[in-house]
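In the two assemblies presented below, chain A is common to both, partnered first by chain B and then by chain C.
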Partner chain A sequence: MNLAEQIRNKAKELLESKTVECVIGYERATDGLTARPLFVYEPEEVGKLIFDQTCTHNLVKYLLNRRDKATAIVVKPCDSRAINLLLNEKQIQREKVLIIGVVCPGIVETSWNQTSEKLPARCQLCRQHTPVVYDFLVGETPPTEPAVPKPYADIVEMEAKSVAERQSFWAEHFSRCIRCYACRQVCPGCYCSECFVGQLDPLWVGIRIAPSENQVWNAIRAFHLAGRCIGCHECERVCPVNIPLMLLNQKLEKEVGELFNFQAGLSAEALPPFATFQKGEKLGIGE
Partner chain B sequence: MTQFISKRNLLSWLKRLTEEHILIAPTRVAELTLFQKVNRVEEIIFDFNNTALSPKECLFPTTETLFNVEKKDGQVELTPVTIDQKTVIFGLRPCDARGIALMDSPFLKEPADALYQQHRDKITLVGLACLTACPECFCTSMGSAPDDPSNLDILLTEAEDGYIVQIITEKGKALLPEELLSTTQAPPPAPPSPKAVPTEGLVQRTQQVFDTPYWDRLADRCIHCNLCAYVCPTCYCFDIRDYTDKGKTERVRSWESCQSLGFTRQAGNIEPRNTKGARLRQRFAHKLLYFPEEFGALGCVGCGRCVRVCPVNIDIREIITDIQKLGAKVEA
Partner chain C sequence: MAIEYQPKVVGFLCNWCSYAGADMAGTSRICYPTNIRVIRVPCSGRIDPLLIIKSFQMGADGVLVAGCHPGDCHYTEGNYYARRRFALLRPFLDYLGIEKDRFRVEWVSASEGKRFSQVVSSFTEEVRRLGPRGIAPERAVL
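After this line comes the complex of A and B, so read on.
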């Protein structure tokens, strides 16, 4: 039985038994090639569910719209870390979520009406082919997780550049930002009921879609995700002007890893570094 | 017999335009085709389907100052912004030219938006006919066509060794010197046929499905970013803000979108569109119901940009088809 059939069978069982009222998974998009999120409410609709290497979306964000409703969700290993993040941060209730984890073959690079054979960087560097949290597993767990030699190669490369070089690199990229907030809207870690850029009275960040405001927007969003980004790369995928946002997120992931030996979303119990304070903890400034 | 410009003459004309005008043309930036100000003709891209963002920002910039206010000797002095520089947009597609014509309706309706009016007066539109249709395009269903010359000042159609030239307006005639033109007997290449979407009776159908649960179900999937609105050649919502510093005030407007939380929020924190479904419906009802009711035409040009960029495949072509089916069911 292939992955999609297993997901369909499980979804049907869960809907028929009324264990959940909705299953969030994937269906074929209107280009006939790529995938899109699907919300299944009726057992008769499970036939639409698919799973293949075009299923790139991290669906966990949608759980935030269904906090009190019993929901089943299809997650890849990277997406499953977002569930731990939201459990960590007390945003969702474990008993309301039924997790259909998929052993992930790696997702291929896709865009509208286009698929490829090529695995994106995140999948090439992936060390987690089995979801970190699940109730029902689809697919076969590999005997060992692959070793990945240099996870932060592009970050190390950026770090080697001078401040002026990095400044002009980001100034150029941010100058294209149109502040459509697709990065925020797709991000499972961005769930503030009022975002700092939505603070209009008093105004926190200017409404201008212009280099200086764009820089403030992107920099503050990145910092808000320090120790929280689970590395699904959704922000970078949806950016309409190709800003390499994951360079920022991964730089901060690397820093948090070195300082606190912590990676977001690996466990629902481990306390996130910025949500804890230990007596005797030093700030690390001017020591 | 039609007018013709050789590739060589076209390039020398464009070079001349960079000297006397602001020339906006398709360029290649970070693997994207974008309309940008061009300083050298070599930067212009001629071989592209369409640009990632529409050319609307040449008339309705992402951000612009409307006027400045300053207190001087007890008097309040208001200085409106004036646009002096003449601009040429080169290489826009007929669908995007129709987008500009549609934006004219709300912006130039009396009392006209003074700033938009100035941009519009100072801009000349030189279009490039489409030789291929993208899989997501549907311009012929929205009142335009791949070779539609209306709404442009000049339309160029690529042919062998040059371009067939159609000069449509006086503005276009004034811009392109006659000595650069020759004539050709060769017929223009046949335009491509974009796929059709069913638009007949669509306004009435949209009214019929207005109060159905369709929109809430669709909103399950929508992530409510502003992407569709910002790539759209006909979305024109904006926010306004005053910036005051050291006695000087600048009134600024920037793009906004009906998908934002707080869109049209009113005094007392009243949210007329307080659900995701209501906000998503607003986008389609504006294009397919309110705009045509007020200005006569559907508020979409079928460029397909929103289809291409939507992170979760909210596809206006599918929605139009659904509205037709569902509307017929509601009527029955």
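After this line comes the complex of A and C, so read on.
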């Protein structure tokens, strides 16, 4: 039985027994190639559900619109960490969510009706092929997780550049930003009812078209996800001007790992690094 | 005639220790560079990293954050949280292309007027050495 069939059977069972109101999964998009999110309410509709390597979306964001309604959701391992993040931050209730975890073969990138042959770099570096949290597992758990020799190769490369080089690198990338906020909309960690960028008084990010305003937005967006980014790469995927946002997020992930020995989304109970402290810790600040 | 470069330094001082320390420097007639623009905040834990990044955007050459010594926070633990936040912000600024030496966190108590003057002097000199920010910050129109 393939992955999609297992998901369909489970979805059907859950909807028929009225355990959940809705199953969030993937269906084939109208282009016949890519996948798109699907909300299944009726058991008859489960046939539309699919799962393959084109299922890139992180669906966990949709749980935030269904906080009080029993929902089943299909998650890949990276997406499953977002569930832990939201549980940790008391945004969703565990008993309202039924998690259908999929053992992920890695996804492919599609653009202009072309599917990439190779796995994207992030899937090649993936250390988690089984979801960290699930109620029902689809697929075979690999016996061992592959060892990744150099997890932050591109970050180390950026760090080796001079400050001036980095400054012009980011200035160039941020100058393209059109501040569409797609990165925020798609991020499971960005759920504030009022974002700092939407405030008018004080006007933190001005409405004029200026590289420096873009810089403030992108810097703070990344910093608000420090110790919270679960690494689903959705922000980078949706960015219409291809800003390498994960270079920012992963830098912070790396630093948080080194300073506080913390990785987001691995547990729903662990205290996030900025919600706690140790009195005697040496962090190289004010010493 | 060339005008000598004067760095712009923004100082966020906590109300209870460092601001009082600056006051102490003043009442004790201890000199310190006038490059610093002091902003009084209730606690170093109040300082959102947004304020730091915004300062740099609006043309600051350096940002100084000063608060109570760890263990002496008026609100018991505000500066511990601040310490964690800024420990992460500093390498991040560097990564974005703002030299990490342009951002400094110091603990200055209410009685350390002399120390406040030393901190401001040494930080201003550091920022002067680094010079103006590479890409000219635009004039703020806020």
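The rule we apply is simple: the second predicted complex is superposed on the first by the 276 of 287 C-alpha atoms of A that agree within 3 Å, B and C clash if a C-alpha of one lies under 4 Å from a C-alpha of the other, contacts with A are read in each partner's own complex, and residues count from 1 in each chain.
In this section, contacts are C-beta pairs under 8 Å (C-beta built on N, C-alpha and C of every residue); 3 or more make two chains touch, one makes a residue touch a chain.
Keep in mind it's a predicted model, so treat the numbers as computed, not measured.
Residue contacts after overlaying the shared chain place A:T141 against neither chain B nor chain C.
Judged by the touch definition given at the top, the superposed model places A:R176 against chain B, while chain C stays out of reach. Contacts of A:S116 after superposition on the shared chain: neither chain B nor chain C is touched. Once the two complexes are laid over each other on the shared chain, residue contacts for A:Q124 go to neither chain B nor chain C.
In the superposed pair of complexes, A:S168 makes contact with chain C only, with no contact to chain B. Once the two complexes are overlaid on the shared chain, A:A29 sits against chain B while remaining clear of chain C.
After overlaying the two complexes on the shared chain, residue contacts for A:L203 are found with chain B and with chain C alike. Overlaid on A, the two complexes show chain B and chain C touching the same residues of chain A, namely 203, 206, 208, 210. Listing the residues of chain C that touch chain A in their complex gives 49-50, 53-54, 57, 67, 70-71, 77, 80-81, 83-92, 94-99, 105-107, 134-135, 137-138, 141-142. Listed in rising order, the residues of chain A touching chain B in the complex are 29-31, 34, 36-39, 57, 61-62, 65, 112-113, 173, 176, 178-182, 184-186, 194, 198, 200, 203, 206-210, 234, 237-238, 240-242.
Interface of chain B with chain A (complex): residues 29-32, 34, 52-53, 62-63, 135-136, 217, 220-221, 223-227, 229-231, 239, 241, 243, 252, 254-255, 257, 260-262, 276, 307-309, 311-313, 315, 317-318. Listing the residues of chain A that touch chain C in their complex gives 158-159, 163-164, 166-171, 196, 203-204, 206, 208, 210, 212-213, 215-216, 219-220, 222-223, 226-227, 248, 251-252, 255-256, 259-260, 273-274, 277, 279, 281, 283-286.
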